[in-house]
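The structures come next, written out as structure tokens.
In the two assemblies presented below, subunit A is common to both, partnered first by subunit B and then by subunit C.
Let's look at the complex of A and B:
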């Protein structure tokens, strides 16, 4: 039986041409096509981190907690604590408890006029250069502002390790993919605190939602003067430091 | 002093990443020599034109091997082309590399179609292979040769910007890393392009001499002399650009000046100052200058040009080492340096690097067995009267 509703080649081409912009919109700009998957009025959290340097006592409980919570391989660090010792002649000595027991070496330091500890971790930058340079998009920013790595997609090229100005990334020797601080994403999305924040006995590490004006972090940042590391890199870090000495890079 | 961030104790990019821009550079340089003949009509380069194109092709085939060995997940390498992240400088590599590969393969096909047809008329498996290669079309007339020649000229011309893109892009991979003061310079583009040309010409001179010596062929004096002059010119620009970069760094007196000055004076003193600049730049500059400016005996000129090409091959390798490894020795804490020397037997060690670098030469030999890369070698008189 002959089919009457067959379309001509010209019609077919016309329909394809009409469909192309829609296909382009859906594939290239899905957010424009489908909108954002959020309820009306709902504000997604924007997670950030703060460090009160004057409170850190260098106990490294945070480093231990991070290692056990995230199975960080030995010799690699998602977070660490730096010890700064400034001598009378202006010389600055910096070291880190990068040993298995996370204890600072009792090295002699004469004529120390100032000493302090600085916890370091991924700055979860607003313009994260590590995500920018990832050739496959495996490094990305979650909707809550946390910079994460898709380990199933990462090729392990190490470009992000080179691009991070803060030295917080590494190539995990077990998974052979990029490793970094996730702000304990598996915990914070359940409403819990990151392991390092929970473990800190002095409350030097703080975590919270910048979109919530009543969050502990928002109040802290309103009350204190703070700065970020390497602002000249233009990465807009979301890890804020108070009482930070100029010596810290 | 000497504090490095704890994750920086592990140098991420190893000798494999030194080899990758080195081999890519050889490709770009060798291709440009072939284009000097095919596009710009530098007839004196004819004896080496085929060989340079074949060299570019075989080096191109192995350019990604060190990368694949380095990747944590080489089986995901095609993700870069399937799911590219276009904000990344690295995302374009697959496309640029593939385009260039297609172009070089096509150019070789058209340049050597006549030879493939000749081999296809023989008997045996190689003839079958050649028949498949020429798509079972044995049409070889003056008209087809003329058509092939026109296509070759077009491809060779198109290949020059593509070769510059390929290698300038490799430079950009490093130059765009703002976190690393040793890499972050817009000059990196240009430095990489010129050093690529230097290494490409050097490898051709080196190999041409060795192959001719082994086979007892006469070396074409005009060809070598011309290559020597080009090498001299390009090496001057390449070294001058690097020195300009160094001068800017020293003069600007930024935060990086102290730490990079310390890097040059200590960690890179031997590989950068002594070997790269003093031995492998200054000496060839003088030697090539002598061959270009003075009338020497052929034998002496050959020796000086060959020696210069060896030193410049080493110079570019050292430059890659000093850029790739040197940049990673500086801690982002700006307070110290780490150390790196590749192991001998490890996956990304010296033996692997040696094997990778040898493979293109082996393939080149196989290529030569298939189709002669120096078809006129025995027939050509080496010395022209009055040369």
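Let's look at the complex of A and C:
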């Protein structure tokens, strides 16, 4: 066939120059291209979570509540509490409660210079990698900013389990689909608190709507200085930690 | 270039695409079949909000809540919930100790867990190095030895009620601020400001004997000397420089240690029967609200009085 659709070098450069801003917009500033509205006062809620680490007493009531609310299979966790212990020589030990009764045993150690509990759960990232890697569209972010799994659609490939930088996902041995924290979506959409937030006796776990400036969470985040886990992953987590120590990040 | 000039020389020849028709038909059929299959396989609501099935949200919403919350408990157990909300366990939800309540609410015959064993309490109150220091924790073996409990299987609730563990007279959250703290704001205007210069003699607000040396001295001589001031004068620390103080005068608070019980030996603190004790020592009718310190002040410390004793 005749190659009459050739373009000149000049034309090529012109088209590249015209396309560059669009490509830049999409790749370098994805936020501009596909940004999420986070306007205070907007009607659509944007649910988020906060943990006041200094209040956690490591009772694991959250883990028990999550299990009974969501039927999490034995040996798997949607949320858990880690115990950090820093020894005199700088060594950091991290352990979790016994998996049967969720009770931290007193394991005395003399040279512990610092110890604290850190509750962990799905960070419900604004740019959730687990949703991005799902090949069938079973993992997604709801309009309220909650990262969920469509159990009917999930094929159990486990890509999301590998992708999550926080290790919050697992393959449910019963349904053979991805299991994770739903932020108790069935409860929060009825105006109830997530089970872990309800069960926490010290109020270490907090939940609320970022779009509502008067919500408990918005006020808490306004008054306290917070940080997120693994910010370098670029996932923009919506689980905010106050009084988080250096060893955890 | 050579081809184009050649075709011009021969004259305009219409390109012949007939050989492509069968291919086009096959491709068209394939695309149609693919579209039909896609239509039947992809759920209807897919793509409504994003690259996922919007109906999955409804599936998730349709699940039933199992935790009911204390408001639901209060519909039947109003008295317990009211007492509970006032005492030290006020921030603890009913279901944290008693398990989920959804089933019990629907069907009264399905009972809640009792949560009265020692291990149930130790879930939160076992002494652990990682627990915040302000949170009450107990080395239960030492504690049992101290109060003279004979049987290690004795439940905590034999002395401490789960609903009102400290028998507080008033709501913990409404307790008065420590009087000194009310003056903090004259320098600290709404902040614990690090830039403020610390004046000489700045009060140590969490160290009782700094401001109350006379009381601390007299307290050191009595039988209670081994206890901390905050064991009885509960000090609830609210933040770095603020706290509420609760002087608990409910007789049942004293009886936490001093009540006679079959599981206690003589090794512990002296015990009494109550309210029989009131009848034995007084002609007055037993008043459950009359504090023990009305008579037993001397065994605690010299009463803090602004007039006579304190000036000495």
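What we mean here is this: the second predicted complex is superposed on the first by the 205 of 249 C-alpha atoms of A that agree within 3 Å, B and C clash if a C-alpha of one lies under 4 Å from a C-alpha of the other, contacts with A are read in each partner's own complex, and residues count from 1 in each chain.
Everything below uses one rule, namely that a contact is a pair of C-beta atoms (placed from the backbone, for glycine too) under 8 Å apart; a residue touches a chain by one contact, two chains touch by 3 or more.
What you see is a predicted model; the values in this text were computed from it and never measured.
Enquirer: Based on the superposed arrangement around subunit A, label subunit B with subunit C as either clash or fit.
Expert: Taken together on subunit A, subunit C would fit alongside subunit B, as the superposition shows.
Enquirer: State whether A:115 touches subunit B only (first), subunit C only (second), both chains, or neither.
Expert: The second partner, subunit C, only.
Enquirer: Is A:240 touching the first partner subunit B, the second partner subunit C, both, or neither of them?
Expert: neither
Enquirer: Given the touch rule stated above, what does A:156 touch, subunit B (first), subunit C (second), both, or neither?
Expert: Touch status of A:156: first partner only.
Enquirer: Who does A:207 touch here: subunit B (first), subunit C (second), both, or neither?
Expert: neither
Enquirer: Considering only touches as defined above, state whether A:98 meets subunit B (first), subunit C (second), both or neither.
Expert: Once the two structures are laid over each other on A, A:98 reaches subunit B alone.
Enquirer: Touching A:164, do we find subunit B (first), subunit C (second), both, or neither?
Expert: Touch partner of A:164: subunit B, not subunit C.
Enquirer: Give one of first, second, both or neither to describe whether A:47 is in contact with subunit B, with subunit C, with both, or with none.
Expert: A:47 contacts neither subunit B nor subunit C.
Enquirer: Touching A:137, do we find subunit B (first), subunit C (second), both, or neither?
Expert: It touches subunit B and subunit C both.
Enquirer: So if I take every C-alpha atom in subunit B and every one in subunit C after superposing, what is the smallest distance between them in Å?
Expert: 5 Å.
Enquirer: With the touch criterion stated at the top, can you tell me which subunit A residues are shared between the subunit B interface and the subunit C interface?
Expert: Of subunit A, residues 137-138, 153 contact subunit B in one complex and subunit C in the other.
Enquirer: Which positions of subunit A touch subunit C when the two form their complex?
Expert: Residues 2, 4, 54-61, 65, 68-69, 83-85, 103-104, 106, 108-109, 112, 115-117, 137-143, 148, 150-153, 182, 184-187, 189-190, 192-193, 195, 198-203.
Enquirer: Given the complex with subunit A, which residues does subunit B contribute to the contact?
Expert: Residues of subunit B touching subunit A: 3-10, 12-13, 67, 70-74, 76-77, 79-80, 83-85, 87-91, 93, 173, 176-180, 328, 331-335.
Enquirer: What part of subunit A is in contact with subunit B in the complex they form?
Expert: The touching residues are 75-77, 80, 82, 92-96, 98, 120, 129, 131-138, 153-159, 161-171, 175-177, 233-234, 249.
Enquirer: Give every residue of subunit C touching subunit A within the complex, in rising order.
Expert: By the definition above, subunit C touches subunit A via 3-4, 7, 43, 46, 49-53, 56-57, 59-67, 69, 89, 91-93, 95-96, 99-100, 119, 122-124, 126-132, 135.
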